[in-house]
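So the structure is just underneath, and the comments pick up after that.
When the chains are written out, they are named A, B, C, D, E, F, G and H in that same order, and each has its own residue count from 1.
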Amino acid sequence: MDSNYLRNLLGRLINGQMDIDTVLEKLKNLPFEDMGYAKLDHHRNLRNGFPEVVFCEGKTCSQVAEIVSRLAKCNTNVLATRAGIDVYDTVKQECPRAQYHQLARCITIENDTIHKYKSPILVISAGTADLPAAEEAAVTAEIMGGTVTRLYDVGVAGIHRLFSHHELIRKAAVIIVVAGMEGALASVVAGLVDVPVIAVPTSIGYGASFGGLAALLAMLNSCASGIAVVNIDNGFGAAAMAISIVRLAERN
Amino acid sequence: MDSNYLRNLLGRLINGQMDIDTVLEKLKNLPFEDMGYAKLDHHRNLRNGFPEVVFCEGKTCSQVAEIVSRLAKCNTNVLATRAGIDVYDTVKQECPRAQYHQLARCITIENDTIHKYKSPILVISAGTADLPAAEEAAVTAEIMGGTVTRLYDVGVAGIHRLFSHHELIRKAAVIIVVAGMEGALASVVAGLVDVPVIAVPTSIGYGASFGGLAALLAMLNSCASGIAVVNIDNGFGAAAMAISIVRLAERN
Amino acid sequence: MDSNYLRNLLGRLINGQMDIDTVLEKLKNLPFEDMGYAKLDHHRNLRNGFPEVVFCEGKTCSQVAEIVSRLAKCNTNVLATRAGIDVYDTVKQECPRAQYHQLARCITIENDTIHKYKSPILVISAGTADLPAAEEAAVTAEIMGGTVTRLYDVGVAGIHRLFSHHELIRKAAVIIVVAGMEGALASVVAGLVDVPVIAVPTSIGYGASFGGLAALLAMLNSCASGIAVVNIDNGFGAAAMAISIVRLAERN
Amino acid sequence: MDSNYLRNLLGRLINGQMDIDTVLEKLKNLPFEDMGYAKLDHHRNLRNGFPEVVFCEGKTCSQVAEIVSRLAKCNTNVLATRAGIDVYDTVKQECPRAQYHQLARCITIENDTIHKYKSPILVISAGTADLPAAEEAAVTAEIMGGTVTRLYDVGVAGIHRLFSHHELIRKAAVIIVVAGMEGALASVVAGLVDVPVIAVPTSIGYGASFGGLAALLAMLNSCASGIAVVNIDNGFGAAAMAISIVRLAERN
Amino acid sequence: MDSNYLRNLLGRLINGQMDIDTVLEKLKNLPFEDMGYAKLDHHRNLRNGFPEVVFCEGKTCSQVAEIVSRLAKCNTNVLATRAGIDVYDTVKQECPRAQYHQLARCITIENDTIHKYKSPILVISAGTADLPAAEEAAVTAEIMGGTVTRLYDVGVAGIHRLFSHHELIRKAAVIIVVAGMEGALASVVAGLVDVPVIAVPTSIGYGASFGGLAALLAMLNSCASGIAVVNIDNGFGAAAMAISIVRLAERN
Amino acid sequence: MDSNYLRNLLGRLINGQMDIDTVLEKLKNLPFEDMGYAKLDHHRNLRNGFPEVVFCEGKTCSQVAEIVSRLAKCNTNVLATRAGIDVYDTVKQECPRAQYHQLARCITIENDTIHKYKSPILVISAGTADLPAAEEAAVTAEIMGGTVTRLYDVGVAGIHRLFSHHELIRKAAVIIVVAGMEGALASVVAGLVDVPVIAVPTSIGYGASFGGLAALLAMLNSCASGIAVVNIDNGFGAAAMAISIVRLAERN
Amino acid sequence: MDSNYLRNLLGRLINGQMDIDTVLEKLKNLPFEDMGYAKLDHHRNLRNGFPEVVFCEGKTCSQVAEIVSRLAKCNTNVLATRAGIDVYDTVKQECPRAQYHQLARCITIENDTIHKYKSPILVISAGTADLPAAEEAAVTAEIMGGTVTRLYDVGVAGIHRLFSHHELIRKAAVIIVVAGMEGALASVVAGLVDVPVIAVPTSIGYGASFGGLAALLAMLNSCASGIAVVNIDNGFGAAAMAISIVRLAERN
Amino acid sequence: MDSNYLRNLLGRLINGQMDIDTVLEKLKNLPFEDMGYAKLDHHRNLRNGFPEVVFCEGKTCSQVAEIVSRLAKCNTNVLATRAGIDVYDTVKQECPRAQYHQLARCITIENDTIHKYKSPILVISAGTADLPAAEEAAVTAEIMGGTVTRLYDVGVAGIHRLFSHHELIRKAAVIIVVAGMEGALASVVAGLVDVPVIAVPTSIGYGASFGGLAALLAMLNSCASGIAVVNIDNGFGAAAMAISIVRLAERN
């Protein structure tokens, strides 16, 4: 709620500059956000440096470049996901500070200090083909302030690779598991730990993978507990969930 | 790892009661869990009073009663989900302390002090028909130590009902949103807050709801961020995820 | 917006009974609906006699009876859909004025004068097996004030039956087409008229009907225009849409 | 029915120029449309200026150009949907008055006065990616005589954006809601108003959006009433439905 | 077209008993079927004794009994499909000539001489569990005049059983293949013959049979030619198609 | 069975040139087709001029050209389906008599007299976009000896167009109905006639058409009888079925 | 091939009791199986004692009892799957030697010595709810001669339980993995061994398990190799595959 | 388990160079694979020459080339699947011994002697379009040591082609059946033999084949026994399963 505006309004009522009916009318027509419903933010002060996000898919290079450079001028941090190299090339001309994360297909621009969360976020991926979604998660979490460790290529077909990193797993505060094909890695990891596990099915696979449906269903039906799932290939969403968790953990 | 056993083994090696080859052989044949891989627990000490869980669906009354009473004898807390009243009646005879939560279709037995997490967990449901899943989440979270507030019957068709409770929403540390039909409530809530939102699609609906598929897909495709999804009607899973989050938040 | 409450508040501000900060705080905590966002009603005055609706599926007889009798005491009209005869029997004891519509599986209670809309709503059904959904639409439309004509059993396998009623079709202001199996009737009717056609797929059929999916997809893919679709077996929803249309047509 | 032809036929029977058997035979072989079944039009007089519609998908540029220019020569208005810029370039050469609506991917040619309907049609879209379907709806409604207002980019993840335009929503006679991903916007809007809401799911999204299926199912399962759905991305169909409604509303 | 009525009408016009406008009006309001569009029958004379068909599913015993006895009073033959033994018991009381075909779940009543088609219709089924659909096809074809041979339990897992009956297969004019599970029998049979093959997938199977979907898809994708498919378990539809073929073959 | 070979074998047995064991062994190892099971042809004599068929999809231009020219050298008729213009160009160089049917995407080569069937086969299509499948059916039927009439662009949205051709429909011996989108045309046509109707769903449509699934399901669930269905876009299969029917009808 | 019959036939040819044409005709009409194509058995001698199998689902108690007792009279072993206790009670009266395996829902009758295969078949199941399918596999394998070891309740949510049995796993010749929900166990096991793994998805689960589809898809998409899948809940099929493998392994 | 390391550790304990707590700590932190759980190999000695496998889909030419040449330098055999000709061209420059199998889209490099299994593996395919998957299976099996025979183009539409090769079928130890469209060949073959049959559905087909789903479901629902299924187009997986079987058969 914009207290100043309201305070001014009520002041004019007291002063007799406005009568009750005029004030009532004005209250009735206040834009919604002015009433305080815009965003029920818990810790807006913690959110300094939180990036603005642009989803590039279905937008042209110049459209993205325009949006990004407009945002960048506000001295805010920017994250653009699903961005091809051609999108980056266009953005780069406008915003020289833009950085490209090729595997993640993300562009980041750091204009503002990022509030750092110390709780370790571990991103685990099953196969090399899952790296784009895993990196989208990692890059997103980092620009949002996360402390990210990557543990890649530890699929269940060679489960000893996973177990050899048990120290890393033991230390994580939140774990993002990225896996395509049968998505079994999420259940195995969630069975090993007590911290929140966020599962990202990927569209990696062919035939009866049906574009990631097999992994998605497997993860939703996990027999392990302490696990929740985001959309297929949605590394961004997993990172946003992870950040909301570590933010909560560190807000006290 | 069973340190005592190992310490004893190594002691006997030093004492000359065993030679190196015998010890090597014994190490090689140690059951897996004895090697410390059983559960990479972070905070086992925090887990006092954590319940054993029995999923009753597909088990007979006497099977459940036997399992539950065996667990109850260990002075552990017990949670039995998807339990009909007939299951409860049978369990009650063996375990007089068993309590039945009719809407949730859960049985709980408190034998041990529950470690309480103070971070408020808010369970929101869209319609009265979603109550069984919502209550399964609430009862599960409570027996696991959660501090739960319920906010029911606030579906998006009358979205003002949701907004009138903005203070409740503002205070929550984790929010579980339970909704069937089109599942839109999850997106609306996640758009209002910055804390983790766990979405539970329910099988409520008919026709093109396809047993909860409509709500599930809607929640997976949420345009809001900071949201993750569990299986259809999986109130238990949502609560387990919520507890893993508040446990993390309070472990420091 | 509850003007009186606000007017009183502002009055106390002017009188000095409250200071600005107190008023600001009270404004901030006003329930949402008091701010006027509850329902952006266009013609609330037209809605006298509009029924309260209870969806009975998944509720026990006594639950429905309790809800219905509570509503009935408010002298409002009541419509309960998906109600079995046993539900009616229970309701009847509390509310002697309750009437049962067996085919429609609806209970209605008329406590208040219904505002009548004159624009004819025509409900067409393909086969006798589609009658439950068709009657749910007809009964719903009537208790909401609609003037309903029924044209049943005119499926496309004997399309001459449809054409023999062309005068009825010609006169309709809105047409609800209820059809299962291949759902072709909706396209044929919409191809004949220029008024809005609301298509209700039904779950009638077997095998590759997949519970009404075949009819639903057919209707969504209609090559005719001026047609929109509601959920499988959702006679209620079709009627609500039809009423919203005739209300609009007659509001001037 | 072509009265003149029939009148002439019967006249020749009376005059003895034809005998009964010849007339019977001729009646039997009358083309169907001559019998009056062609189109059971309600208000053909209201339809002056109503456009002919060409669906371009799957047709070559030259095919579309030929069809359109043939129609344009009849001094009728023309609407071509799903038309790429290359199609427009070809059409433009034949029909200099052709206009291209890039976002909507529509070509319009105004040769005749359009009958204007005053009832406001509001087109609401959730995200910028939904604009093509939203614009197809808006452009279609306009060439058919609709008075269209656009309210874009008001998705439920930031629901305050929607509420700040409540005056626009309050004034609408018919609302077309265009949304992809989880399609929740349709339920939220339909919960706010009493006028007919036509929901257009779009194919916007990825992964478990399954080409718009998620939004489609969500909209079909809406817990709000006064809502009906058209095919995925079918902006045209939504506009045709909206026009059929406002035509009805203004025919008196 | 009801020639007598029309002839009478035109006679009254000639006689001056009616004027042209009255006749025109009467022509305009003739029921559709009187105009000759009711049924474009090719060989109505061949259809003496063709049964009236009642689909019992979703109807109560008394409803079916009422319909059937009403039909039976017209001295027409009657076929009631999907009829349980209880339905038959009720029908039997009204219509003593009714016969029950238990496996086929059909009731037949022969009141009129059936026109016999000599072309042999062969009904082949894969397993014993497919018998209900196979018998529905056989009984339907017989009451419609077909000369039916049954060849049951010759699934592809023991393909020699099929081949030992090659003389039967060689002689058939039309073959109906009824198979559940993987539905492979249809392709094998169609690969052996040049006569029309009508494939009936059945809902026999479990798991990934998905209620007959597996067999349905297999049959639609048959690599053999001269094959077409009806709905899952639709023995009736297959027989109707077969009869339409032998009727054509014998109409000269 | 190759009688000469067997006769010779038995002759040598009688002559003492072979003993019983040798003959038994040779019988046991006879190739399958020599035993007469190769093809249980009914009327091989009727099949003179029947074409060899090549399905081009997934083959390169040169592969098709090689297969076709090899077949063409045998003085057999050839039909190549799903052939692009580039395939035709390659084939043409080898086989100057090859003809291309652009809409049907078929190549035909007539080297042999085609046995003509007089029973009229009517191919009806709903929209212009359905023409490729309709023409594949028509061209296939013609090269196989069918007498084909085409009735195109008579979809149910303007059902009078269909009815104006009732004479054509009345005369047909077999009808192939080709329709995409909601596929309603098949039911309407099958409701008008008693001859076999073969329904071809097409992949025409978008969104919830799901590549022809909507039309396929609609046709399988047709409430009309005397109808059977082939795979989506399978004009070839429908024609093969139609030919098998007219061949049967004319074999006496 | 029935050599005696053929030898006799050829003998009569040599003796002049039949002429060549008569013999040729008789050869042509020999039932198919007599020609040796009935079953291309590799090791019929190994198959002594192999059971006849009856699938009980969809058969009445008395039907099963009749089939089983007929088979039992032939001194063959019998396996009846999907048999309820009531089926067993009926069978037991006819065949006192019949044994019931309650969890497996199988009836077995041993009348003949079973050929024993020594290669160990290991049946692993994930949860107690998977036991019916696991036991169906175990009992089937045993009656077919398999040497079966059971390792139950070792799901991936507690993967240490699996690893503690590594010696059992190491020794297996073939492994059948039975798992519902997310089916991840199959991949984990197949990643540990080099012997053939047969995966049985079960219908255990709810919501997005879709009757076992989730587990089925997961297993088909396994990133491990040396794994193949059978139908949902098809313990019998897995055992039959396992036996075909150990038979092969021991045939030399 | 790395005995030397452990022996050394225990030696230092005895020698007093380490105390018990230090040794306990070190045991606890041993990498997983050192504990002997890495791979529970049965016959590692048999696996000399077993290839490393690279799945090329989704990798760039240079990525594949780098991985392959790195592997090739280890003197191991290499198999790269799903490799286009451009991938091969790049690999060839690094590894001159690389061979390309065009139909199979596989690259193989033989650096080491392959252990040969004598048991014949028969690869059967239904149509020419199924060759890529069939060849992937054949080439994979060969580089893994299999003795492979190919039997192609023997689909069930001309089942005599299959039967003429019964000797080949009779001799096979394992059979891989590769078929698209309706996938019926797998059932027919499995009905003829007692050896293990591995079914590979292919994505060949169109329309209701749904990318191989029809064949997959058919194979999973096979009424024959001794059959198991791999993913759509997964020739590699089928070969790996076949090799695991013949390895087992020959390990004694």
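The rule we apply is simple: contacts are C-beta pairs under 8 Å (C-beta built on N, C-alpha and C of every residue); 3 or more make two chains touch, one makes a residue touch a chain.
Since the model is a prediction, treat every value here as computed from it, not as a measurement.
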(message) If each step moves to a chain the current one touches, what is the fewest number of steps from chain C to chain E?
(response) 1
(request) Touching both chain B and chain E: give me those chains, sorted by label. (result) C, D, G, H
(message) Under the document's definition of touching, what chains do chain C and chain H have as common neighbours?
(response) A, B, E, F
(request) Give the pair among F-G, D-F or A-G whose set of contact pairs overlaps with that of C-E by over half, matching residues by number. (result) D-F
(request) Tell me which of A-B and D-F has more C-beta pairs in contact. (result) A-B
(request) Determine the centre-to-centre distance between chain E and chain F, using the mean Cα coordinates as centres, and give it in whole Å. (result) 25
(request) Return the distance between the CA-based centres of chain C and chain G, expressed in whole Å. (result) 55
(message) I'd like to verify one number: the distance from the centre of chain B to the centre of chain D, where each centre is the average of its C-alpha atoms, in whole angstrom.
(response) 50
(request) Find every residue in chain D that makes contact with two or more other chains and list them. (result) 32, 36-37, 39, 158, 163, 166, 192, 207-209, 213, 216, 220-221, 225, 231-232
(request) Check the chains against each other and report every pair that touches. (result) A-B, A-C, A-D, A-G, A-H, B-C, B-D, B-G, B-H, C-D, C-E, C-F, D-E, D-F, E-F, E-G, E-H, F-G, F-H, G-H
(message) Going by the contact rule set out above, which residues of chain C touch chain E in the complex?
(response) 128-129, 158, 160-164, 166-167, 204, 206-209
(message) Applying the document's contact rule, which stretches of chain A touch chain B when the two form their complex?
(response) 36-37, 39-43, 47, 53, 119, 163, 166, 169-170, 173-174, 192-198, 216, 220-221, 225-232, 236-238, 240-241, 243-245, 247-249, 251-252
(message) Quick check on the complex: what are the chain A residues that touch chain D?
(response) 29, 31-33, 37-39, 55, 57-59, 201, 203, 211-213, 216, 231-234
(message) Going by the contact rule set out above, which residues of chain B touch chain D in the complex?
(response) 126-127, 155-159, 181-184, 187-188, 190-192, 205, 207-210, 213-215, 217-225
(request) Over in the complex, which chain H residues touch chain B? Could you list them? (result) 1, 3, 6-7, 10-11, 13-14, 20, 23-24, 27-28, 32, 35-37
